[in-house]
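Letters are used for the chains, namely A, B, C and D, taken in the order the chains are written, and counting of residues starts over at 1 for each.
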Amino acid sequence: MKMLINVAETVVADALRGLAAAHPELVVDVENRVIVRRDAPVAGKVGLVSGGGSGHEPLHAGFVGPGMLSAACPGEVFTSPVPDQMVRAAAAVDSGAGVLFVVKNYTGDVLNFDMAAELAEDEGVQIAKVLVDDDVAVTDSLYTAGRRGTGGTLFVEKIAGAAADEGAPLERVESIARQVDASCRSFGVALSACTTPAKGSPTFDLPAGELELGIGIHGEPGRERRGMMTSGEIADFAVDAVLEDLRPTGPVLALVNGMGATPLLELYGFNAEVHRVLAERGVPVARTLVGNYVTSLDMAGCSVTLCQADEELLRLWDAPVRTAALRWGC
Amino acid sequence: MKMLINVAETVVADALRGLAAAHPELVVDVENRVIVRRDAPVAGKVGLVSGGGSGHEPLHAGFVGPGMLSAACPGEVFTSPVPDQMVRAAAAVDSGAGVLFVVKNYTGDVLNFDMAAELAEDEGVQIAKVLVDDDVAVTDSLYTAGRRGTGGTLFVEKIAGAAADEGAPLERVESIARQVDASCRSFGVALSACTTPAKGSPTFDLPAGELELGIGIHGEPGRERRGMMTSGEIADFAVDAVLEDLRPTGPVLALVNGMGATPLLELYGFNAEVHRVLAERGVPVARTLVGNYVTSLDMAGCSVTLCQADEELLRLWDAPVRTAALRWGC
Amino acid sequence: MLDADFFRRWMVTAAAAVDREAGRLTELDSAIGDADHGINMRRGFQAVTQALEKEPPGTPGAVMVLAGRELISKVGGASGPLYGTLLRRTGKALGDAAEVTAEQLAGALRAGVDAVAALGGAAPGDKTMLDALVPAVGALGGPGSFGAAREAAAKGALDTVPLRARKGRASYLGERSIGHEDPGAASSALLVGALAQVAGA
Amino acid sequence: MLDADFFRRWMVTAAAAVDREAGRLTELDSAIGDADHGINMRRGFQAVTQALEKEPPGTPGAVMVLAGRELISKVGGASGPLYGTLLRRTGKALGDAAEVTAEQLAGALRAGVDAVAALGGAAPGDKTMLDALVPAVGALGGPGSFGAAREAAAKGALDTVPLRARKGRASYLGERSIGHEDPGAASSALLVGALAQVAGA
């Protein structure tokens, strides 16, 4: 598998150097792997810190900036970051108003953020945590580690970030983040496996003419393998899987997300099918975002995330945001 | 080759339906394949119309909006649009101040835009044209169709678009567009070939461990095939190829562009190497854009475009832009 | 004498040939272009046959002008304007006559080919459709010359293999364009072949 | 009696085993996880050996606490905090003694494994590292028991193959997790194997 890299060992550090070069509005600590918005800590503002394994870009570093995250902590590829990173990030962004950790629900992320929360609180930073677990492909039961955090993370970070920028106190930012998570559901489909730089070969073997339904964002195989489906059939399957669990009673925000290697041309075509299915099911769509936002390296495929949004969430979604990957209103 | 599509015949129409669903701020004529910003024609403003084969998304439709293009005309995949589209687009955006056609220098695009210009002028629309030909991999000589238009198109559309939005007259918008084209050079590298929906198999055969240097954006083979190179070696080669031709005497704008299937993680790492080479060569970088902007379907690879920018071009580059794919300042 | 129906059948036969050979044309374009020539030609000639069916024009000239217009407004790419111009200018040169001679057809086609050369700026030897078209119109003359034109076009297409391209996408490849048949020359040979077939040659 | 050097050699031997088997661990994780377990373990144990070389701690407890801390701050993922906690808690349970008995080691390791279970919320049978660790500490006791612990860990790891995962990433796969060995159980068997090797069993 060919990659545009130097050596596997330095991909994350190299990317951080490149991020720093492109974005002078970010403070990028390459050695300690923390990305902080330059104006942090903002007086009186709750800090928002997220992080996770690398390989999902632009998540999370691409979402650092006014209106969204205060800081991000990238781990090795597909490996959650270590507690030292989150502790450092929390210290850098805390203005005294406390810090919310946005944690995707994976065992590694949960354990490391938990340890970091303890350590940061020892250092006097007030910490709240929200777990993002929006992936309906995983049953949330005693028999699993619980639903995974995928596309819903973008909604949590954007909307809680807007609340924090408006000056909401920590408990309020936390409760909004929880509300967004509870309002989000996702389902993902892979047309090809991805290849991590360290492994150098695809994480699973997907024969021509087959796809994986219910994949996560770490190159894990999905829930089920099927013969190739059309864009319309995939939209039917994915949207129905989401709606079955979400049962929205009002308008939704939609994220039609590429896994990394699916051309935008295909993704927009898929968006047409997603909108068709939603119209058929009587679900109004308030806003739609189409693009590669929560990716899985060079995986071909897509995911659909729907977020039921009341007027307040919609207002916060529309609020200005200025980050590398998401930008409007300013 | 698996794709997220219904059938090859409808990919462009499907994508346009999906674009319309995601972007209510655009008027998308799916049948006639024209995308127009909703507020067109803007009184007194010069219209900017571009277009080309599909498969390069977000180029051009993703660049329609205030501060950039007035309208875009997507052709079939890798096939230039037909004159009817440009004529229709010109009529839709002309406020009486005239229309600039931004044309990438390919035989098909040139011939079709030329025919369209004749027809539009017959209908009373004043037309100016700028050819974008920034790709240094092609020698501009009697023995070629001339240099290709690739990443430089983004700079021409952004900067000329800003001038038009400021109210510059047609001759001025045209001359700025020409200045930008003359100030831009690009070089592209493929790590894999792309697959068009209609053909269904890769456009060329690139064995493991080899890459193509000097590719275009249509899945054409490049100028030369070599054994695999590191990100740093590719940056050396590409940046030097550009600098040899551009010989900048001041700061440049840099576009570090993905061809479609290269993960952002790799692209940022590559950006670090591009900045290293530019620093070594003593070329200051005023602005950097990293991402998949001028793509070649699912091709893995990258291109580097440098645009020498005087203060006026830099000011126009920084001016507000509000499109699906490029957005800042508003 | 050749009437409107003869020209209509030429176009329909050409469309069938293009449809049959679309895969090969695309493969040729894949080697030195962007892998769409067969797809472009098929889309264009399907539109041509549909347009001719919808309201069949009454004169040879009108058939060719309509066919050319359809190509221009449905194909795009380099081949759309070039082939569209070829047929449209041929049609214009044929004028309003209800029937034309083989000699008149040869003259009109020569005008069409000249227009292609003027539009695209290519000359024989540049590894383009002209390498099949120019020998073909050179061989074309009286009623018995259709077979010779077919042979000349086919040979012209094959003779592009050793050439280095100087026009169109293939020119980007420089030396690497050598050793491949030009897709546009191959499709031109199909068009001339269809003409010969309809003429019973 | 086991001194600090014994524990240091255990860690170095474990690091060598992990390094040697990293590819296999990653392959196992590729089947039911995210293809990084070998890479994670190698990165972690490299850091451990480096830290131990830099300033070798003077007591068994200090060796294990340092090793655990290194894993926590260098590995990430699920295995970083879990293995880090295992070693750190084992070290804490060993206290300040300059030398410890095999029985004391067994008891301390049991405390470490309990901490892993408490942190990760998993139980034997959930197809995790605990399926190797729990039988191993069960078999561990007096000086002659290291070999038995190694066998128990190895068997425990292999016995994860027919299990359905209930914790960690593999649980996402449901039924599809059956038929594969758990990567964390496999790496635990390596750690226990390294212990036995250093003990000369």
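Going forward, a residue touches a chain if its C-beta (ideal position, glycine included) is under 8 Å from a C-beta of that chain, and two chains touch if they have at least 3 such contacts.
What you see is a predicted model, and the numbers here were worked out from it, not measured in a lab.
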Touching subunit A and also subunit B, the following chains: none
Inter-chain centre distance, subunit C versus subunit D - centres from mean C-alpha coordinates, in Å: 74
CA centroid of subunit A to CA centroid of subunit D, Å: 31
Separation of subunit B from subunit D, taking each centre as the mean of its C-alpha atoms, in whole Å: 53
Multi-partner residues of subunit B (at least 2 other chains): 77
Pairwise touch network: line, ring, star, complete, or other: line
Touching pairs among all chains present in the structure: A-B, A-D, B-C
Of subunit B, residues touching subunit C in the complex: 53, 75-84, 106-108, 111-112, 114-115, 137-139, 142-145, 148, 196, 198-199, 203-204, 216, 218-221, 223
Subunit D residues touching subunit A - in the complex, by the definition given at the top: 26, 30-36, 39-40, 43, 72-82, 119-120, 164, 166-169, 171-174, 176
Touch list for subunit A against partner subunit B, complex: 1-7, 10-12, 14-19, 21-22, 54-55, 57-58, 62, 77, 191-192, 208-209, 211, 228, 230-232, 234, 256, 260-273, 275, 285, 288-290, 292, 295, 297-298, 300-302, 327-328, 330
